[in-house]
């Protein structure tokens, strides 16, 4: 067993109606993806405040995913459109802060797309693993 | 309008008619076919195994010539078209295969399926337009009932060839119509004639050709046209009841000044 | 250690690029094959026997040389299995063995006539020799 | 007040325990701050498990609990009830999903255990910040809407009406009846479809509680469970429904006779003014504007002159009707797929290659041939018929065409077709090419065996590879896998069992309903086993083939089940609202309207309010006010709010941040 194998820390915000259910479906179908992904349930992707993403990076996350219903299929009709717009702005801010743009991603995964959920997680974990540890946005006040 | 032209081995020998009439008709229709310099034989059939590299290099070289010239590559022979189109598809979509080929050729200009490949019939349909051809035709073929024989190579595998509906094609029928004749549709027009089995399995080929010929005759065809020299050879050799022509011959006849 | 047969099977599946496990045994490939009557093993059997690793009989069968590569089975297969590619991969496994070329430049002459197009000859060499 | 948290880790038999060391999880989580009790147990959702939770709540004076178990979508409601029964607020419960999102997807036990601990930690961090919530109540509009008027929609509507509730059916065609009205006989009993359907159509038409909007479509859906607002477009049929008596005189005298008759799938023609079939409900004529001479170029007007009731109105226009509903049932049904990509069977090349639905019309006494089996090309009796199963069903995605699923009904209706053909025309040879014969259902296999044994239908294991029209014959080439032969059959008629797919209107409807669909555009159910007739969207229910392929008995059963769910909803005067709604801190609100602008439910309004300022003056300020009965809790406003005044109960900014912190610790 490798001792120093790098394991990224990934936070995934999943909307209750589509992506969280998609993640459950991936589980039902026993589709493997790395344990590095930890899911936080939110009612809608539009509940994800960009501040949560920044918070995750401050606390040492290596990648953040925001998953919602496909555009047009939002349970709350328009929530994911807000997400799309907000995250576009956040992305340019993250680039400004020097966080590689590949570390943050918005994905649309429906409740029926368990396979897509697993594939997306596998691919994202690989992308983030290849980028390596994220060191750019640690809140120094929190360092012991 | 100019295109790079890949005639292939057979069109330089046993199927000269296919070649000559293609070039002459092209000029009448306002486009020119410029032969690829020192082209090599495509090999006649596409080897589907993905570890076959050397057998596809000739096609890649022709494709690279088209890429360099910045014009589409045009083929007339069904077999060449099939091999080159499939090779181009593999170069575009199979990164591992393309990498091996590019390393092998290693001339500093990697190829990834950039060239466009057209069959002569596709040029007629998509670039010239059958309505334009109709205007230039002389009406000599009026009332002639002609069956299109597609065989297999032009149409399949359809996901790669993208030539026409593989089960109910119409491109040659549309050409026959444009040329002034009446197309005859028959069931076996997209079934294989037996192809290269002509060498070792003449009985199989005879059986296949008999089925095709019967089907065409029953539907009332007075002649068949094809784009493949081997199809024509097989059909004629096995005693087809109707004459078998190259589609370019038919086109040329329709475009000739003298009636 | 994998057995020789298992290695052969893996090699055939790899070079063919076909997924034999996808087959649902409907037999449409064999229902459409123009060479069916000439074959001892039919397209669906090629797929099945490669899937189960029963490859030796295929390697020694004349059926390998009856496939016309017309792709009717490939186009019509509802499962996207591509039987013709499986046949081709088995045929290559056969003719790539030492001294198993089916056609030789000397041997080809007896098949020729004045009219036969070059295309037939090069195709046959492609198919029958390594 | 310091929270006292209890943690309950479920084994779920071996579902969780096999890849997660549950006792290690309980031990680790027991050391978390605030946790005063942690225990693992075989099945937390069992009575014993729930009792254990209740006892612990009482004994340890717990203020909140975390259950590490399956998805909250599965048992959150269960554990909330448990908590409430033990006297704590049901919203002081959090679930850590360590089954679907942990044990089932990971193989390594160390990894799984570690992740389960982290997920548990996040749930503890969240529950520490939970506040007791009280669910409000929302009124229920006691009227249901059924979209689609086939057997599924009709049965659902009848059952709802039977319970005494108003119900509207919206049907896009001029009559209700759907596909079943087009069928001849039904398997496995061979009773005639019309004989069992048309009485139900009449019942629906005459029922006082049922209103049928025929030739109508749903154009918009607003609101939420108990309170939907739906706009229905009544398309202009150019006939006044209230006046038309259905005498049919206009449909006989109309001079335009060459319109393809969609009811007979284009195998014969109808007039420009038409009633689809004799038993149509409502029995009202409809003018087809694409063919009517009067509507096209203002010349004719014959029907208007003939109509004694004066029902014809060429100036009729589309009408939008807005109604309120408490529940909506989708019953949009299915269609056979297009045969365009399967032309090896020559569907587009020969009139004598038909789909099974067309065969139904050919066998139907009210069909284009009056029930005499004649082939479409030359009206002769076919002597050899080949049925091809699974055309477009069970295709892999690699094939680039067709559907991946089994269409379920084809094996049985083909057996029926074959049997009926042999019964009526014993001199006909009937071949059925099959891959598998799938007959799970009461008396189904017996039925299929009867076709083979008593009626002498030739069942051939194999598939047709190609159909070539040759003269008057169809040359069929296929494989017989048992005989190891390639068969060549000269057939007179080929019948394709085309795969079925959801109706094309289902997708836009799902978007309007915000109901989820699977990749095949079938509606998804709230739970595949336990809630099969409910959409995950509250108040939306599913009936018939819009949820998946079904035969008639199954459709009727599901229609009844959907109706009972609707009745269960409508018999409440009030519904418990979701208390996880937005709320605004009035002191922080700066009155900017950002939240109001993003709210999809118009739940936020601004009010002028008097505030007592710290300097003891009073000031009128404009502040946001959330209507908790209307808010659905999406949280869009919370992020839009620039001052941080807006927050969401159950998913507050602090709670989510605490989860982030716990995961990234």
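As written, the chains take the letters A, B, C and D, and residue 1 is the first residue of each chain.
Going forward, a contact is a pair of C-beta atoms (placed from the backbone, for glycine too) under 8 Å apart; a residue touches a chain by one contact, two chains touch by 3 or more.
Since we're looking at a predicted model, the values are computed, not measured.
Asker: If you tally the C-beta contacts for B-D and for A-D, which one comes out higher?
Answerer: A-D
Asker: Can you work out the whole-Å distance between the CA centroids of chain C and chain D?
Answerer: 46
Asker: Quick one: report the Å distance separating chain A from chain D, using the average Cα coordinate of each chain.
Answerer: Each chain's C-alpha centroid was found; their separation is 30 Å.
Asker: Where does chain B touch two or more other chains at once, residue-wise?
Answerer: Only 191 qualify.
Asker: Identify all positions of chain D at which a residue touches two or more other chains, and write them in rising order.
Answerer: Within chain D, the residues that touch at least two other chains are 344, 400, 466.
Asker: Which chains touch which?
Answerer: The set of touching chain pairs is A-D, B-C, B-D, C-D.
Asker: Hey, which residues of chain A end up touching chain D in the complex?
Answerer: Within the complex, chain A touches chain D at residues 9, 11, 16-18, 20-21, 23-24, 26-28, 30-33, 35, 38-44, 46-52, 55-56, 59-61, 69, 72-79, 82, 86, 110-113, 118.
Asker: Over in the complex, which chain C residues touch chain D? Could you list them?
Answerer: 19, 22, 24-33, 36-37, 42, 44, 72, 75-81
Asker: Which residues of chain D touch chain B in their complex?
Answerer: Residues 342-344, 346, 348-349, 400, 466, 468-471, 475 of chain D touch chain B in their complex.
Asker: Which residues, counting only chain B, touch chain C once they are in their complex?
Answerer: That would be residues 8-10, 13-15, 41, 43-52, 55, 77, 79, 151-152, 155-158, 166, 191-192, 194-201, 204, 208, 228-230, 233, 236-237 of chain B.
Asker: Please name which positions on chain B make contact with chain D in the complex.
Answerer: The contact residues of chain B facing chain D are 159, 165, 167-168, 185-188, 191, 215, 218-219.
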